[in-house]
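In the two assemblies presented below, chain A is common to both, partnered first by chain B and then by chain C.
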Partner chain A sequence: MNAAVFQALWSHWRRHPVQLVTLVLGLALATALWSGVQAINAEARASYGRAAALMGQDQLDRLQTPGGVTLQQYVALRRAGWDLSPVVEGRLLPGLRIVGIDPLSAPPQPALAPLAGDADALAAFVRDGVLLVAPETAAELKGADLPPLRLSADVPPGTAITDIGVAQRLLRTDRISHLLIARSQPSGLAPLESLTALDRVTPDDTSSLAQLTDSFHLNLTAFGLLSFAVGLFIVQSAIGLAFEQRRAAVRTLRALGVSLRRLMLLLAAELAAIALVAAVVGMALGYGIAAALLPGVAGTLRGLYGAQVSGTLSFDPFWAASALVITLLGAAAAGAQALWRVARMPLLAPAQPRAWAMASARAIRVQTAAALCLLFAAAGLALWGGSLMAGFACLAALLVGSALALPMLLLALLRGAARFARGPMAEWLLADARQQVPALSLALMALLLALAANVGVGTMVGSFRTTFVGWLDQRLAPELYLTTRTAEEAAAVTGYLASRSDAVLPNWSVPVTLRGAPAQIYGVVDHATYRENWPLLSSRTDAWDSLAAGNGVLVNEQMARRDRLALGDPLALGDGWTVPVVGIYSDYGNPSAQLIVGMDALAARYPDQPQLRFAVRLAPAAVPGMIAELRQRFDLPADALRDQGAVKAASLRIFDQTFVVTGALNVLTLGVAGFALLTSLLTLSALRLPQVAPVWAMGVAPRRIALTELARTALLAALTWALAVPVGLALAWVLLAVVNVQAFGWRLPMMVFPGGWLWLGFWALTAALLASVWPVWRLLAMPGGHLLRVFANDR
Partner chain B sequence: MIARVCTLSFSVAWLCIASIVSAQGFAGLGTGSDGFALPDPDKTFTFPLDHGPHPEFRIEWWYVTATLTGADGQEYGVQWTLFRSALSPEAGTGWQTPQLWMGHAALTSARSHRYAEKLARGGIGQAGVSAAPFEAWIDDWALRSVADAGDPLDAIELHARGADFHYDLSLNADGPLVLQGEQGFSVKSPTGEASHYYSQPFYRVSGTLTLPEGAVAVTGQAWLDREWSSQPLAADQDGWDWLSLQFDDGTRLMGFGLRDGSGTHFTSATWISAEGAATAYGDGALTLEPLEVAEVAGRRVPVRWRVALPARGVTIETTPLNPQAWMGTAFAYWEGPIRFEGSHSGRGYLEMTGYQ
Partner chain C sequence: MLSARDLTKSFITSEGPLQVLRGVSVDVAAGESVALTGESGSGKSTLLHLLGCLDVPDSGTITLQGAPLHNLDEAGRARVRRRQVSVIFQQLNLIPSLTVVQNLKFQARLAGVLDPDWQGEITARLGLSTLLDRYPEQLSGGQQQRVAIGRALAVRPELVLADEPTGNLDEATADAVLELLLDGVARSRSALLMVTHSPRLAARLSRVVHLQEGCLR
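Here is the complex of A and B:
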């Protein structure tokens, strides 16, 4: 009997294949975006895990000190019996992290597998210098002037593991970054504290990459969730329509004696089967989306956080299982209302089709009340939230609240517009639009969310970019940037430049650990380049004088916010070296703390750190000639000299790459919203015949009716767009003033880009019109007899 | 538990280092010598210079074994070894040095066998050997001369530490250095592979062993071996059995047999009078016959031997203090104190390599 009933129910889909495709596609799209984002997040987290686990850095305590550990300190501790392993870390090329290890004392780890069982390989590693890199890193490094590469898939991307001696040579240092402390030590050793003044640091989650990038992944997840919600609108409308159209069949089946319980179970099973198919399609799509977006995400993470993420996706069964579960849950959520209605349907209710979501005025009032509550909550969270989670909660409340308020606002706007309507067709258009709002509300909410997200994210990115470009112009005032290989080369080149340029400014920094987190201290000479251009957010009037005198420090905005530093606060930079904060400067795109002190003060503390990088001031027109001359005279490699334009272009390229993913997700979300509109309109076009038939019967040409239909959809889309703009601006404000500050540590001024809104309006209209073309065409193609029958059958 | 000392040691480095003492034809030891110096039968030893390292040779060791008796009446054995292995025949400085070092230490009693292992690179001061003043060290383990006059090896201090033991011993020589083989040129195979090899077999020992149960004062005897080479094994040899025997009458006997694939020994022995006069015996003079095989660390290892040197009327049978004296280090072998009875009696040390 089950089979017979199931067949009866299933026959609906055979007669309405488009509906079935819509349902599967909607569910698959929702799953795809959600699971795609999850796959990206999982891959990124796996990369962080590998990077953190490299050299046991996620587990082993370490010894370190600002400026680095000397070989003598290391050997002294070894000779005191402590089991330690030295690590030298640094960046060589942009995006290549060098990790130098001593293979004789390094903790066992999979990344070094290529050396295992191969004495010659180990000999080459220790003696000749070999870089162990991931295959994709090797591809990127092709042609670079580096020791021979050897592949190891377990090395994190963007990282090269090499012998400690090779690393010191490449990074031009004689220091050791830190000493890893083996977990088990020989018995009876003198305590470490009594042997050394080095700082013992326990692996700390707060400074780890995973923590740092959490906000980014939360962002992605929010986007995925948004897409999922929008996708579920489609599913909801498709399921609702199907159930509505099957009322007659359900009534007949029940009249024939099929129990309600059995019927419900079969309907649920049917939905589950469809969801299963959709999940598989969705996973395939999601995997494709993730694979396509991952290189962009990797670029973003590298640009924003310096995090290295593999650009290739691996398949994770857990990911597949979670995608399946979320699809089934989504289908259940979307189908619950329809099932509930079947359960509540009186046995002998007339099989009269009616729009399934003809919400009553009361429902809209309740919805509006909920919307108001959410919007108030959003405002409260924005003002008093103070955490990243609060920021995202605020975003969610703002978006959902606005979406819920949409039907009421649309109705109010249409009612207002009705007063200005002239002629019966215009009045009918507005009245009919009003009647359609409840039915289309879900699709329109989806459109609102997509448009608002677009406006919001577009404003955020645009504001960021404008600020960033202005900041780059200030910050990159010097015309030429020079990187030398040795102290001798530096002396020779700067000596040559001294009389041939306006100024040669050392660009010199020392990595340190301040307040438990890594930071970079820069030393600057007293020069107008800094006084006139450096982008200070706030400063004491004598900031540059204090710096020059060695009794002041500038900190970047990130550090000031993180450590709650204000002007005048004392800051300990090392043993017996405490100076007040005299200024705070903006430092976009830098994930970590940075400080600036006077060159002399820094050089006095770190006399043996070579100064190899310089910024040169000279007439812009003289730059190309000078580059050619320096290259030839001092045999400098190609990347040793870069002009201001090249540095700016590179910075902007990184910046733009950062938001590639955001843009792609924006387009996808808008596409999904357009699709939701299409399914809703398709549904309506069949149900709205009773409304259209009288108009046709009164002599209005089908062509005119069709145009009116198009105009109405366009009107609704335009109104939704108009409401989406303020919502998007509110969204942008939350992103810039709340989320950015919490996530990255910098606040950006908000700028508006009305041109972008117009484009978005154009796209919204296009999407809406495209979505209504097919339903309207079906109306046009409908034989008159069909419309006539409406009077016979439905009225 | 004991193996935990090795957790920091890098899982692959051993292959390289292990080649130094490998009796299994590892890593080209039996084949070529890649620019390394070869032992010279006409070499004249110069002390204290030759106590120091010979970086032009591929492998070298400073090897001390001691048979001790505690104030508690228990017998103990102590091993302290520093191995040098060169990737190429030059000293080098800093991290770039091709000289790698490995230390092994063990403390054996009838009930337990504890050991530890250290790896280090030369060139940075973490491990090495200096001839004058004499010191051989790796991390905090050290073999250090405290001799005021005479040969630096006449009086030395010995220290090593593992996860659950450490020891500090003073060694004083009652006799001269002894050159093994033909004036220190020790032949290892019929095809002529050889090493430079000398010993100090006359140490009196006193000191302290520290175990989890507490410290024990000990006294006894010790034996130091110095050996270096570039290709000590022939291609068909896969292990060796080595003994140092200290007879109750003050005589010493060093003997070893290198096993080929068929289990046949290429043997060599040195008879050392109580005054230090050495007589070398070539292949065949000494015979080694396993009497009892025990299961040790999942392998079958002969732990009791009949040792005969008919030319000196020696026929003895050895018994280990602890049959499970397995060095489960990166390069694994059996090494432990023994007692022997028969034509002569006394105590000594047994080392067996190449048992799979």
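Here is the complex of A and C:
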């Protein structure tokens, strides 16, 4: 019996293959975008895990100091009996982090597997200066002038492990970056604090990459969820139509004695079977999307957080299983309403296909009421939320509320426009558009969401970029940046520069722990460069004088927001060193707390810290010549001197890279919304014959009808776009004023870019017109006889 | 006024070509009302569609006021439907998204011949004055057909073609609707060719022609 009933139900899809393809593709697209984002997140997190585990950084305490540990300090501690392992770290090329280790004392770990128990390999590692790298890193380094490479799959991407001596030679340093403290130490040792002035640092979860990048991945997840929701609109629309068209079959089957329970089970099984097929297609698409986007994401994470993420995707069975589950859940969510309708349908319900998805006036009123509630909730969350999750909840409420309000707003606009319509075709166009709104509302909601997301994210990125460029100009006022290797070299270079530049400004900082979190304190000299350019958001009038006198501190916006610091608040910077906050400055792109004090005040507290970095003021035209001269005279390495232009260009490149993925997801979401519109118009075209046939019979040529159909779709898309712009702006405001503040600790001024909206409007119209071309062409190509069948079946 | 000669029409079906009309010739004079009767499948609607420029014959000629219709292109046929020939079907004559008053005026405005006085007179005679703001779905079958008649007559067409306009109505309503149709046609001085299964209704028209197996008898 089940087979017979299933066959009867399945026959619908044989007769409507386009509907089946729509359903499978819609579900697959929804799954693809969601699971693609999840695959990217999983790959990135796996990379963070590998990086965190390298050299026991996630577990072992370390000793370090600004400027590096000297060999003498290390030897003294070893002689005192402490079991320590030295590590030298640094960047050799833009994408290559060198980690130098002492293979005999380094903690055991998977990355060193090629050396374990192999005396020859170990000897070669030390003697030949072999670099252990991941296969993908080796591929990227092909042709570089480096020591021999040896592959180890467990080395994090973008990292090379080598002998400490080789690392020091490559990085041109004689210092040790830090000393790892073995967990078990001989008993009876003198305490470290009494032996050394080095800082003991405990692995700090709050600064781990995974935590730093959480908000970035949350953003990606939110986009994936939005795309998933847009895809589900397609699915719900296709399922709704299919179930509506099968009302007659369902009634007949029930009349023939098939129980409602059995019918529901079979319909659910049918949906599950379709979802399984869609899941496989969706996983393949999702894998492709993730593989295509991953290099961009890896670049973003490298630029934003210095996180090395593998640029290639590995297949994860857990990811596949979660994609399958999400597809099934999506299909269940999208099909729930249709199944509920079947369950509630009386046995003797009229069998003729009711106007599918024609929401009644009451349904639209209920929908509008729900929309208002959600919009009020969004406003409440924006004003009083106070957390990142509240920010995302606010975004969700805003988007869903706006989407639900769309049909009522469209109806009102069309009703208003009808008053100004002249001519019967214009009247028909508007009246018919009004009647189509309920049937097209799901697709138009999807379009609204995609457009609003585009406007919102575009406004956020545009505002951010404009602010960022201005901020860079302020922050990077000096023309040349210099990094020296030793105090002696610093003295020599700055001495040489003293008479050949306008000013040499020390760029000196010390890492500290303030209020339980890591921070960096910078010392600045009193100079017009800072007074005239520093991007202060708020300050006391005597801020720079206070700083010069050692009586004040500037804090970055992130710290001010996190610790709720205001101007005048006292801030303890160390034992007996408390000064008031005299200014708050913007510090985009920095995930940590940062402070600025007067140079003398900092030097008094940290007299032993070498000053190795400097900003140099000189005529821009003199910069290239000065760089060449300094390199030659002091044998400085390539990355020791950077001109302002290069630093700005690098910063902007990182910035633009950051939003490549967002842009790609934006386009994909718009594509999905266009597909939703196409499927709705296609399914609707069969139901449109009773609308079109009388007009045709009264003497309106098919070409004119086709143009009117196109104009109607364009009108609905244009109105949806017009409504999406304010929603997008609200979205941008939430992103800038709520989510960014919670996620990154800074707030950006909001700027608007009307040119971008017009461009988006053009794309929305193009997408809508492309989506309606096929249905309209089908109408145009339809023989008159088909239209005549609307009126009667008798020939 | 209307003259059709040797019309043939066939359709492609899954069992091969189906010859529906086999050389039909018919004339309708100005102001005349003609009933077209015949069994189901005899080709009545097909003939009506050819005469109304809704379809084209395989062969044969059709002239209206001496002008040939059979060789017009789609735009030409649309123009005839707009201005010279009005068609009333058995069902779904009205545009669902427009109100009664908008439907009544629609064809006349398309043709650019809207006459408010004439429109008002038709509306009143058809008893539609109280229904003007309603939508088709809010009307009974009889009311819908009255609106269709009003819309068809609003252009004062030379010929009204009606395809079983009362086929979906009960006897009393059908009588009333036909009465209004005949009255309206007479007032607009149009000719009428009406397909009907009902000998009783056919008898109320000035002439009856019978179609059998694709030929007029």
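Before moving on, here are some points about what is shown:
Just so it is clear, the second predicted complex is superposed on the first by the 599 of 795 C-alpha atoms of A that agree within 3 Å, B and C clash if a C-alpha of one lies under 4 Å from a C-alpha of the other, contacts with A are read in each partner's own complex, and residues count from 1 in each chain.
Following the convention adopted for this analysis, a contact is a pair of C-beta atoms (placed from the backbone, for glycine too) under 8 Å apart; a residue touches a chain by one contact, two chains touch by 3 or more.
Here the structure is a predicted model, which means the values were calculated and not measured.
Of the two partner chains placed by the overlay, neither chain B nor chain C lies in contact with A:Gln474.
Of the two partner chains placed by the overlay, only chain B lies in contact with A:Ala106; chain C stays clear of it. Within the superposed three-chain model, A:Arg183 lies in touch with chain B and out of touch with chain C [touch as defined at top].
Once the two structures are superposed, chain B and chain C can be ranked by residues of chain A touched, with B on top. Within the superposed three-chain model, A:Gln168 lies in touch with chain B and out of touch with chain C [touch as defined at top].
Using the contact criterion defined above for the overlaid structures, shared-chain residue A:Thr70 touches neither chain B nor chain C, since it reaches no partner. In the overlay built on the shared chain, the residue A:Gly81 is in contact with chain B alone; chain C does not reach it. By the touch criterion defined above, A:Pro690 reaches chain C but does not reach chain B.
Touch criterion met: A:Ala123 reaches chain B, while chain C stays clear of it.
Comparing the two complexes, no residue of chain A contacts chain B in one case and chain C in the other. Residues of chain A touching chain C in their complex: 423-425, 427-428, 431-432, 434-435, 690-691, 693-703, 784-785, 788, 790-792, 794-795.
Interface residues of chain A, counted against chain B in their complex, comprise 71-72, 74-75, 78-81, 83, 85, 102-108, 112, 115-119, 122-123, 126-127, 163-165, 168, 182-189.
Of all residues in chain B, those touching chain A in their complex are 4-5, 7-13, 15-16, 19, 26-27, 87-88, 94-96, 98, 100, 116, 119-121, 124-126, 137, 139-140, 161-166, 210. On the side of chain C, the complex with chain A involves touching residues 11, 20, 40-41, 43-46, 49, 52, 54-55, 74-75, 78-83, 86-87, 89-98, 102, 105-107, 109-111, 151, 163-164, 167.
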